[in-house]
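Report on one structure; see the data block that follows.
Note that the chains are named A, B, C and D in the order they appear, and that numbering of residues resets to 1 at the start of each chain.
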Amino acid sequence: MAKPRFRELRRSFGFDEVAIVPGDVTINPDQTNIELKIDDFTFALPILASAMDAVVDVKTAVILSKLGGLAVLNLEGVQTRYDNPEEVLADIARAPVAEVTAKLQKVYSAPIKEKLVAERIEAIKKAGTTCAVSVTPANTKRLAPIIAEAKADILAVQSTVTTAKHVSKSYRGLIFTELQKSVPMPVIVGNCVSYSACLDIMKTGISAVLVGVGPGAACTTRQVLGVGVPQITATMDCAAARDEYQRQSGRYVPIITDGGFRNGGDLCKAFAAGADAVMLGSILAQAKEAPGLGYHWGMSHPHPALPRGTRIKVGTTGTMEQILFGPTSVTDGSQNLIGALRTAMGVCGARNIKEMQKAEMVIAPAITTEGKSWQMTQASP
Amino acid sequence: MAKPRFRELRRSFGFDEVAIVPGDVTINPDQTNIELKIDDFTFALPILASAMDAVVDVKTAVILSKLGGLAVLNLEGVQTRYDNPEEVLADIARAPVAEVTAKLQKVYSAPIKEKLVAERIEAIKKAGTTCAVSVTPANTKRLAPIIAEAKADILAVQSTVTTAKHVSKSYRGLIFTELQKSVPMPVIVGNCVSYSACLDIMKTGISAVLVGVGPGAACTTRQVLGVGVPQITATMDCAAARDEYQRQSGRYVPIITDGGFRNGGDLCKAFAAGADAVMLGSILAQAKEAPGLGYHWGMSHPHPALPRGTRIKVGTTGTMEQILFGPTSVTDGSQNLIGALRTAMGVCGARNIKEMQKAEMVIAPAITTEGKSWQMTQASP
Amino acid sequence: MAKPRFRELRRSFGFDEVAIVPGDVTINPDQTNIELKIDDFTFALPILASAMDAVVDVKTAVILSKLGGLAVLNLEGVQTRYDNPEEVLADIARAPVAEVTAKLQKVYSAPIKEKLVAERIEAIKKAGTTCAVSVTPANTKRLAPIIAEAKADILAVQSTVTTAKHVSKSYRGLIFTELQKSVPMPVIVGNCVSYSACLDIMKTGISAVLVGVGPGAACTTRQVLGVGVPQITATMDCAAARDEYQRQSGRYVPIITDGGFRNGGDLCKAFAAGADAVMLGSILAQAKEAPGLGYHWGMSHPHPALPRGTRIKVGTTGTMEQILFGPTSVTDGSQNLIGALRTAMGVCGARNIKEMQKAEMVIAPAITTEGKSWQMTQASP
Amino acid sequence: MAKPRFRELRRSFGFDEVAIVPGDVTINPDQTNIELKIDDFTFALPILASAMDAVVDVKTAVILSKLGGLAVLNLEGVQTRYDNPEEVLADIARAPVAEVTAKLQKVYSAPIKEKLVAERIEAIKKAGTTCAVSVTPANTKRLAPIIAEAKADILAVQSTVTTAKHVSKSYRGLIFTELQKSVPMPVIVGNCVSYSACLDIMKTGISAVLVGVGPGAACTTRQVLGVGVPQITATMDCAAARDEYQRQSGRYVPIITDGGFRNGGDLCKAFAAGADAVMLGSILAQAKEAPGLGYHWGMSHPHPALPRGTRIKVGTTGTMEQILFGPTSVTDGSQNLIGALRTAMGVCGARNIKEMQKAEMVIAPAITTEGKSWQMTQASP
């Protein structure tokens, strides 16, 4: 009997399994440039806030924009289903663990009010800040005209997995080439994780791609569906697609690593893996200004038949400014993310994000509490 | 001294170590076809219930059949040893931990009554549903005529490890080619885990193969014997054997991944690894209708000299219909398994099980509670 | 700058990381032959008991011999330092954890009495059983004549790491070729873990080799010295040396995997890795007849300056006969080791140990409690 | 579409993942020579104490020197900022966990007094012992003349990551070629972790290199910045750079593995990976004489904007002499480090450190408490 050809599987990597290798030249952190460009927009920080109800509302969108980043408002959440989202959010925070999924399923079954879609966008624009909003593919055709009329600046079309081609019996799939032509703003599409899916999406002409399926702190997609690619590999593969697309087309489409970040170390690794920006959820849900009141939950959590997510208690640790810029007395990497990024770029000798994308990384075992056992006995005298 | 040739070992993978990569095209979950065919039988769902006393009795066999799947009744367990199996099952559930193995050893030392074999089959047939039953190789010759006369539809011949050739001093080994010719029904044989053993079994002419040695939740075969192959690798290798056998013979023999499933994610991964169907034990033991009353134990647990298994408390979480179809407010993947499978197929762009078998997988680190540390602090306010 | 040649390290494997693949043919367990031959001695079981004070005394040596195995008596422990070893052993068992290492250091600083060396051997011989004894290289020249005169059958010369060549300023190293010629009995030498060291030892003409550095349950050599090779790799490499030596010399020198076994699964894997026999410590320390009274400690534990070991509580679980042959109601693989070995050989189709050494193994992730999470909730009703 | 070229990552290793393979020849531990040479200085022990405030003050510098090693005094810590460092250290030890980082940030914001720099060096010299001191690159130009005038013997220039070339807007980077010429003493530079960075530093003419970024027990650089290379790989790569540099230049520049050691096993592995010496922090912070009073913290812990470290409680276990030479009743490898090193060299047949650097290592799974489960039940009767 001839030896069979066994199917081979490729190894993938998450944040915990890699580490950045310092460079042969170092530079002062204040010499680093971390700007992000999406079409004609330039942001001082390569930081987006997730389109999640616990992370972004009108108020936080304005704050983050003033700090240099970009918040994305979820147009299919409590902000557009309720006139009084604060009360609904407080209700969610108060719900006992055993009832919270049912509660979320109920809250998210209320209809989206088109009037509120326009109102929320206008409120953000009124503050003079860049306004980005997010919709799912199924609602894009209906809501895009309202979004355009309310003069949002950037449109994200986002679902767990989005591809350039979707087959459906019940509705004609969203064609991104058509969408990008029909709206006057840059379109960000996501989420995807593979080279080929990312390349296909870029070829539709859209302006940026969100990378990440299943990594978020509030997400249980991998347990429920078995689907997901760890973020370092997803980012490396989509970065390869971006570079290939640029070779083919001359056009540079930034990729935004979305989800799974727990600290500055993870964020620095995403850039070393090839990200142009990062989208933060649970870390920003810890901000004092966050609408989730110390809680966080995923966008697929409220699914009526197949909920995939958990409400997690993230606590409230500091203002959004402190989380991004410090100063801080916290030593676990959850605050001063921008300081951490600039310092990591400094030790890698990277003057800008493009250079940081070329930093060497190694596969390194996760640091466990067992490995650093004394930390377990950290105690006051 | 010449450098020695060190023996090389091949890496194998279990459910926890792989993840499914979404496809380049997505389809709506309601566009997916998940039918299973075994010879002339077609089942709406690719789901079998394990021939274990805590999972299948006459009542659950009828329920699962009506839902579209196939239950396999163990003909060498309490159902055929006792006129009053419910009482015996309640006794097992009530036994203290320290006494349960001895209790099981005693319960399963009662003789199999041929009269009950016929009665159980007839009860299932009477409900108008497909009846599948399971025997061990050693008892097959004795029980096969009774099974055929009672008109069971499908016969499973199953032991921890079954091969096409068994060497024994005390009795002439069961020859599957002869068995398949002597009974008027499809024969399913198992369990096996390797390419060559699976190919040998298929060549005997039987109708389906069960894949899995040692993975079940209630099974301690790997601790006791050191024997077992993790399910993803076992499924991939046996799928390769199935495809090779089809090339050689033109005949398609489905493989059924049996054991080790904890959630929808595991189930989806089995199909992506090449399974045509899955056989569920502990997940279905959680059904309200399950005969185990919230407990589960393995078929090799009661062995008088070398018990390999544990009684585990799985609890009771919902009806069999909820476990298979939802709706649910559980977010850990233990309910709405069919919804999970169709959704995973959707994000992989797989219109049927054959296409799902070609979905890409990557080796991905297990998601640990440490990795998603906030989940540890999930709490009510 | 030219790319440097990075140093490559080879991957090694312990019991937890491999699993045995069932064969393409199965045989009945009662068809298996598990005999062990060391020179002209033939043992019904391929089982040795470790030369450790908690495992072997005169009484257990006789019991194990009658059951078919071979116990090795430590001639440098309490049995030869004290006229009343039972009292000393009881003292050790009673010592509080914080004082036990100091206690052992004191106990083992008493001198070895040559009179007791002879008496212990004669007591074992008087029972009509094969007598094997163990000494360290440093004491071999002094004690070998006494051992020969007392007519011990087999001599083990054993230290943490033993090589064919030892360099010392203070004494002339032990030359095994000379030793083997000077004593009238087979000499077993150990411990070693590498291909080349094992081959060198075999070339000295000795009769068997002990394999294993650092794996034992009571051993902390890897923490203290960083030295040790996991047992599967050590056994595979030394088996390769044995086969190479047989090719060169025509002589077959069995290898005995020594230490680290926790259950029948580990034992079966050692044979599949190439062992001719196994030497058990902590498993046999659990026997009702064991001199350690439910405790176990290593031979390098009492070192006055650099103790490497811990006293561990193993408990008392059954008679030596039950541990080896069952029957049992224990399902964790710690009892009926011979039944487990024969069953594993059966599913691998191995008629004897030489065939079992060729069983296929795969690298398989350890089974964790997390992986089988329900076992954590195993509970009485 | 052509198959993309996926980016490949190299695997790196920490202490926990490797083990030393015994040699084919063994030698008596007392035959081993473990001397360290840095330029014209020869030390009996290849042991340095970290330039950390919890580890080295004037008193411990003198003690370690007398024992044969070399302590490095941090010239930018409490010793040179305060006339009464003992009181400040006691304050730090007494601070509650929640306030300790803020406390450290405050303590380390006091100015460095040049008068104290000279006084501390003179106090060490007065005892007749070799005096090594440490400064950061930014303060080197200012402090180097004072250090030289006070007649320190060895100067370490040290920061988290130090390279031969640093780009800064605000000050002209430190040029090591100039520094080495301008001071009359050997210069040690660190820390680095990669082949090329290490080679570049050696080419500047300095006398020794410190290896290690992120591994220390008190260090959270990997969480905060994502930067760090596990110590075995870092040591192997820098050892390759040292050997390459010697081939090119004829000059031998020793490398000192700095940080992450928890026991003798780790220390032995560093030498087997290629180290010429090791620098110990948390292990020596456990000494009775240590200034940290049973606590330990990192040099980047007090950073005002981005603190990276934790104060850990290491406890007080024995005198510095016991930690280095025993005797001991501790079996976890934390005492008698020199005995452990000599014993490991003995079983590897290494007569000196250069030979120990060639000892074979294998990748070996970490020893977990799960793997040696009985240790968990270690208990007094």
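We adopt the following convention: contacts are C-beta pairs under 8 Å (C-beta built on N, C-alpha and C of every residue); 3 or more make two chains touch, one makes a residue touch a chain.
Computed from a predicted structure; not experimentally measured.
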Legend entry - Graph separation of subunit B and subunit D (steps between touching chains): 2
Inset, instruction - Count the residue numbers both subunit C and subunit D use at their shared interface, divide by all numbers used there, and answer same if that is over half, different if under half. - result: different
Inset, instruction - With centres defined as the mean of C-alpha atoms, identify the chain lying farthest from subunit D. - result: B
Legend entry - subunit A and subunit C, separation of their C-alpha mean positions in angstrom: 55
Inset, instruction - Quick one: report the Å distance separating subunit A from subunit D, using the average Cα coordinate of each chain. - result: 39
Legend entry - Contacts with 2+ other chains: residues of subunit D: 10, 13, 196
Legend entry - Chain-chain contacts as defined at top: A-B, A-D, B-C, C-D
Legend entry - Residues of subunit D that touch subunit C when the two form their complex: 10, 13, 15, 18-28, 30-31, 195-196, 199, 236-237, 239-241, 244, 263-269, 272, 274, 326-333, 336, 339-340, 343-344, 347-349, 360-365, 367, 370-375, 377-381
Inset, instruction - Name, in rising order, each residue of subunit D that touches subunit A in their complex. - result: 1, 4-7, 9-14, 16-17, 93-98, 100-102, 105, 160-170, 192-194, 196-197, 200, 213-214, 217, 220, 222-230, 233, 262, 282, 296, 301, 304-315, 366, 368
